[in-house]
Amino acid sequence: MSDSSANMNRSRLVDLSLKIYIILGFAFVFAPIAASFVFSFNSDRFPSIPLGHFSLEWYEAVASDPFAWQGLRNTLFVGVIVGIVSTGLGFGAAYTDFRYRFFGKQIYLALALLPPTIPVVILGLAMLAYLSRINLSGNSLSVIIAHVVICAPFAMAIIRLRLSQMDPDLEAAAWNLGASEWAAMRHVIIPFTKPAILGALFITMAVSFDEFAIAWFVSGLNETLPVKVLGFLQGQVSPRINAIGTFVFVTSMTLVILAQILLTGRSAKVRPVADEQE
Amino acid sequence: MKNNTLVSFEGVVKRFGDFLAVQRMDFEIAKGEFLAIMGSSGCGKTTTLRMLAGLEAPSEGVIRLSGKPINDLPTWSRDTPMVWQSLALFPFLNVIENVEFALKMRGIGKTERRRRAEQWLDRMQITEFASRNISQLSGGQRQRVALARSLVVEPEILLLDEPLSALDAALKVRMQSVLKNLQRETGITFVYVTHSQSEAFSMADRVVIMSRGKIEQIGTPQEIYRTPRTRFVAGFLGSSNMFTGKVTGIDGGVVTLDTPSGALRLGATDLPGPVAVGQTATLTVLDTKTHLATRAPAGNVNALPVRMIGEEFIGATATIYLEASDGHEIRVQKSHEDLANLPLQIGQELVAHWPLEDGHLVMEA
Amino acid sequence: APVELTMLAWYGHAEPDIVAEFEAENNVKFVPKYYTGGDNMLGLISQSPAGTYDVILSDAEYVQALNEAGYVEELDPNDYAISDYFPEFQQFPGNWSDGKLFSLVTRFGFLGVAYNTDALTEADASTYNVYWEENLKGKVGHFDWHLPNLGQISLLNGNSNPYDIDDAGWQGVQDKTMSLRPQIGGFFDYGGTFSSLNDGQMLAFAGIGDWITGVLEKNGAKVRSVVPEEGGLQWSECFSIGKGSQKAELAKKWIQYITSAKGQAKSAQMAAYPALIPNQKGWEVLQAENPAEAKRQGMTKDAGNVIDMIRAGRIKYRQWPVQQGLEDWNDFWSEYKGA
Amino acid sequence: MRRSLTLYGLTFSLPLLIWQLLFFVFPLVFLVALSFWTVKNFRMQADLDTVNWATMYGRSVFWQAYGTTLAMASAASVLVSILAFPCSYAIAFKLSETARRWAIFLMVIPFFTSYLVRVYSWQIFLSDAGIINVMLGWIGLGPFGLLNTVGATIVGYLTLTYPLVVLLQLFSLVFIDRTLIEAAHNLRCGRLRTVFAVIIPSARVGLVIAALFAFILSFGDFVSPIYLGGGDPTTLSILITDTTKSGQQWPRAAVIALTMIATLLFVAFVAVRFAYKGRSK
Amino acid sequence: MKNNTLVSFEGVVKRFGDFLAVQRMDFEIAKGEFLAIMGSSGCGKTTTLRMLAGLEAPSEGVIRLSGKPINDLPTWSRDTPMVWQSLALFPFLNVIENVEFALKMRGIGKTERRRRAEQWLDRMQITEFASRNISQLSGGQRQRVALARSLVVEPEILLLDEPLSALDAALKVRMQSVLKNLQRETGITFVYVTHSQSEAFSMADRVVIMSRGKIEQIGTPQEIYRTPRTRFVAGFLGSSNMFTGKVTGIDGGVVTLDTPSGALRLGATDLPGPVAVGQTATLTVLDTKTHLATRAPAGNVNALPVRMIGEEFIGATATIYLEASDGHEIRVQKSHEDLANLPLQIGQELVAHWPLEDGHLVMEA
């Protein structure tokens, strides 16, 4: 796509500068991640320059902390379920907005998009107050509930954006070719929005992985890892922050890279695969 | 309703908000008929087709398919496949998967599906692209995929929205005969929206001419061509000379019309309705039925002195452009041979003439 | 499987260095929930079902609130070795209500001037006036809570009872505080306080004491705390049993353990942050186990030890304002920050 | 055909509606109710008193914090939009298919690292003895007071929003019809001008939505103002925490929160209106 | 290069990866010329236009504009406005803003810009839509906006990629004359890609016929129509009968060809190159020059016994389908009058004939 544009319409200098700019952007994004990585192996409890010596002490501290493991399990469990549920809900809402016009749609959309605008500290307390009154507080389920509330809008936004790129005749064409609404959903809408669905799945999982303020309130004793990190940051300043951060980072990266490789591998030989599908 | 009626529109109206896209439409389509719909851009052709396909709901009126009202029948239960103007091919499926789509929706097994799809790829001469992505095809190639995708189910009725408009002339002709043959062989009813008069006239059994959401005329190509019922139709076909004036006399089977270009007459046998002296009306005569001579011929004909202002040649025919004494433009279309012994130079004074029975009356200014 | 005991506390109180022994002896596993501020804690308790937390650790000020709101169980004084406590701590304010015991103080500490030893000498830091020094402009940090900071200014203004001041005294505190605003480099929570003192970002700190600098010192940072000549403030942490606890018996056992001489000595050396302990026998155990730390913290029999400081009247309890509302102080603090 | 909601439609529309009603609207209603409660002796009591509203709206510090937060969040969203655009533009138009996929992948990575961790890490860069000042020291500059400044807070906001904004911008840029760009060039619109005349208008919805998200996230964030800004100046999120320190003054905090919600709603409404302005349905 | 050459393609090749979209192209476009490019779908018409517009870089060869090589000139410095097949209207601008776009890019002031844009809206009969969104227009209306948008700068050269394909017949004719007049009045060079033979032939000064990335023939409409140089061209125009066979004799200015339908002759004056006995070649004769009779006429003509298999009427002309003794299909196109006194029934035995000088030779099978 990018190389089909004729070469006389491009300027090497501009292209080069832009590419350097991309790299600078990544430098900004990765600087704190890299620093955290480095300091997670630093012996000093309080990070400062010059570095102390190499040490795995903070990893050992985390690894030997059963609550860190419990937190990780909670985080993963919550994150995966939140990702799936909020992507499902967000997809439904995005499709509703794309396809239907009905009375009160503005309100519906407001409900669908509002939650991320509520300050988390307040939302956390309000959630806790409400959930405890209906006996749903203090466990992973309450974190899932709360996270889905704030994640579904992200999923909806991402998927809606993709739907707006779809030729509106496509769905009609499928119906016209004998696909019921359900079949058109399965064979047209979902394939078309698949990249956005995967994107939404990842982003919502990531948002959940990283959310600590609401989770602090509603998780009770079943804390997720970010809540623990918040505790480390607010309560003691420990390089365990970096150790946990790096560990989670490396783990999720491995997963994402695997997914990426799988997806790339798939698309490279998309046709043969498509032939096999169902 | 006749016995062999497949589709009927009864008082169908379609509004988009305040905008009246289709006005009270009443017509029928017979089983196995090839119906073409023509009309100027934005006149409601696509909208009509979409209502039939169940993609728009009529605002008023009833549409029947095989006698049953289908207003409330969803598209997917209708079996009225359509070839889209925008094509609406599925970008995430390759060519053959697109063609297989409708079969898959009908639950037809993989092998059978593939077999039938390949057959149609072949028929549409796109076999070599079977596993290409849609984005890798040229406009014309895409259109053929769209055709194959709808035809593959061999439906009872097929709706086509300018299916050939992106094809080149040769391919268009070839595809026309493919379509026409297919239609004859299978007896599928075709409803065919097109901008091309030659397409409509050479393929269709009947043609609908629309203007601003209204049906102006329905009839066989011959009827419409020979006797345009409204000024719009005559003007739209672009094949008639038109003279507007006041009716000054009706007697002895002859109607006389006083026009700025001169007094003209026509036979009163084929009038569109009651005609009274003093009414304004338009006389139309086909440019192919309008003859040229160096002087007014003898006999019961209309004859107008004209001056030649231009000529144009397309293939076997030439079109001569002339103007009457009042500056009104008149065209004459003839084969080269017919014109061979006329002094055709710009500025030449000639006489345009036609027999009374070749003129038709339209009660409009 | 071990019995799970839930504890709501500041960070550190349920870490292995403190609880491991008790856990092993009693086949218990603590499940901690660490909070980051008393209000935060109150909010959490008030919105959680009763019985969620078996053991609650809270600062002395909040104990009253917990008690009044009915969030804690009554304790039986006979269950605990209160008689081993220094007399000052046996009838500790807030622990008792209408002659009934609701919580038991377990650790305390002093708040004074925390300073960077490269930038200031102990003599420099021995007055709250050091905060106004020209060379500290932008280098003075506040622990972000009105109570200790305003208490210190009140002491500086000469109020012998820093939290019980009349309107004129309150106005004086406000005026004096406002005059400090240009010196301030930031308002920090616990973690921020740690790092900004450690890396020299802030050279002096108001509203904290050895519980911060002690940890930093152990890690080699050049910081110390001193109780200045105008006097210091005392913070105190108390244990209670949460209302509706299903494991009250075990909770009681824990409080017994941590207020015993052995538990107290552990508590004094808590890895998260050091503190003073009110149990005299605990002092002895500490002296035996870790004389250096006992000396560093001033928990020795020597003259001028921390109890002597209290007895000399140099230390005042941190408490809610008496003549003004808590809101008045807090609102002023917000205004001060926003100024 | 747009029919009224059917079983099919409801299957997609209802779940979110029910979920948000149950778990969002009710807590929100509770929040509204809470703002009318009163606090006595550290205990919140159900009440119907406007005192919290009157108190908060009567305090200059509230309006100060409001102004500060609004200004900082606006600055952050404008800044991040401007800084992110060349990057997303370059990714969309200057990279090969494969490089673009990797760039997107790299931009997603930050979502899998804790924001807290990253902010904490920024302290190591920005402090007086931190990485940046040490490096500046090598060339004889500084140290500069970088930490505990508004600038540091903005760096934190950028950390929070930059990857998201790049991705959202990118998402609308890659779907621009390339022939539009060609058509613009063909009509004498130069490279840079095409960016402003065609690319930005075409991607307007995505750009505005990205800026809106940046604004929303910055407006409500309390991590950066505290850990990088040193809590000074007071933002609304800090004021909320402070307010609760008046002995359980959650009702007053609710007033602040509701005001923030109203503000964000208004901004979102205006932004969406602007984004879709001039587009037909 | 001639003096009045505006554009020249010299050995231009375009590859997309391995795919050869345009093969060594050499031709020139004169100033003020109206050049039409035709060819089957996917043959490289759009690619050729895009290279001229600077939207694709030639893989080899040089394109010159006014003598200067422009291979390296970016689009925006070329002044070669194009009307897109996909229109490429700016959806975020309304109609008049679209039309003003190019003027704005040239720094023309607001009032002047508006004035000129309005003038063009008027000329394109879309004034009433000036402030509509593009999405609110019908296909035809959009196409007119696209035309106005490119024409508004009154450039030296205009590139058009099937600009009228979505218009209805009447509008198409009107727009054709608008375009043709405009081209004449302003002297703008038009390069016009179209599928429509009648469009190309009635408007263009010269026509390029392409096939599979190669130029098959360039010439005036008459030249191409009368003397297709390749079988492809003859077949593409669809207007010739073709007979392939072996050359059996060349003498006395007459070439004889032995075909399955019979021996045929043609004049040797207008041969495409050297012809030798034994070579395979194809004789083409226009269907309008092919005559019918009930028996072989006297004189020096080719005459083939044929049998009628069908007929088709479009307007003034009829097409008769016949087959020769070997089953080869032959078409004859005539006006109704010309056919009036022939017994035209399916199955009727007739004779197809044409004068020797109406046949042309193509050295291909």
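Per-chain residue numbering starts at 1, and chain names A, B, C, D and E are given in the order in which the chains are listed.
The definition used in the following text is that a contact is a pair of C-beta atoms (placed from the backbone, for glycine too) under 8 Å apart; a residue touches a chain by one contact, two chains touch by 3 or more.
It should be emphasised that the depicted structure is a prediction, and the values quoted were computed from it without experimental measurement.
A.B. asks: Stepping chain to touching chain, what's the minimum from chain A to chain E?
C.D. replies: 1
A.B. asks: Which chains, taken as a pair, are joined by the highest number of C-beta contacts?
C.D. replies: Chains A-D share more contact pairs than any other pair.
A.B. asks: What is the distance in Å between the mean C-alpha positions of chain A and chain B?
C.D. replies: 56
A.B. asks: On a C-alpha centroid basis, what's the spacing between chain C and chain E, in Å?
C.D. replies: Using C-alpha averages as centres, the distance is 93 Å.
A.B. asks: Using mean CA coordinates as chain centres, what's the gap between chain A and chain D in Å?
C.D. replies: Whole-Å distance between the two chain centres: 16.
A.B. asks: What whole-number Å value describes the gap between the mean CA coordinates of chain C and chain D?
C.D. replies: 37
A.B. asks: Multi-chain contacts in chain D: which residues touch at least two other chains?
C.D. replies: As it turns out, chain D has residues touching two or more other chains at 1, 123, 129-130, 182, 185, 191, 227, 241, 250.
A.B. asks: What parts of chain A, by residue number, touch at least two of the other chains?
C.D. replies: 4-5, 9, 48, 125, 129, 172, 181, 230, 233
A.B. asks: Can you tell me which residues of chain C touch two or more of the remaining chains?
C.D. replies: Residue numbers touching two or more other chains: 43, 189, 191, 195, 199.
A.B. asks: Can you list the chain E residues touching chain A in their complex?
C.D. replies: 16, 54-57, 71-76
A.B. asks: With touch defined as at the start, can you tell me which chain E residues reach chain B in the complex?
C.D. replies: By the definition above, chain E touches chain B via 38-42, 46, 85, 137-141, 162, 165-173, 195-198, 201-202, 225, 235-239, 286-288, 312-317, 333-338.
A.B. asks: What residues on chain D touch chain C, complex-wise?
C.D. replies: Touch residues, chain D against chain C: 41-44, 59-61, 64-65, 123, 127-130, 145, 147-148, 226-227, 229-234, 238-239, 241-250.
A.B. asks: Please give the residue numbers of chain B that touch chain A in the complex, ascending.
C.D. replies: Touching chain A: residues 53-55, 74-76, 78-82, 84, 86, 88-94, 97, 101-102, 104-106, 131, 149-150, 153 of chain B.
A.B. asks: Write out the stretch or stretches of chain A touching chain D in their complex.
C.D. replies: 1-5, 9, 11, 14-15, 18-19, 21-22, 25-26, 28-33, 35-36, 39, 47-49, 88-93, 95-96, 99-102, 108, 110-123, 125-127, 129-131, 145-146, 148-149, 152, 156-158, 161-162, 164-165, 172, 181-182, 185, 202-203, 206-207, 209-210, 212-213, 226, 229-230, 233, 241-242, 244-245, 248-249, 252-253, 256-257, 260, 264
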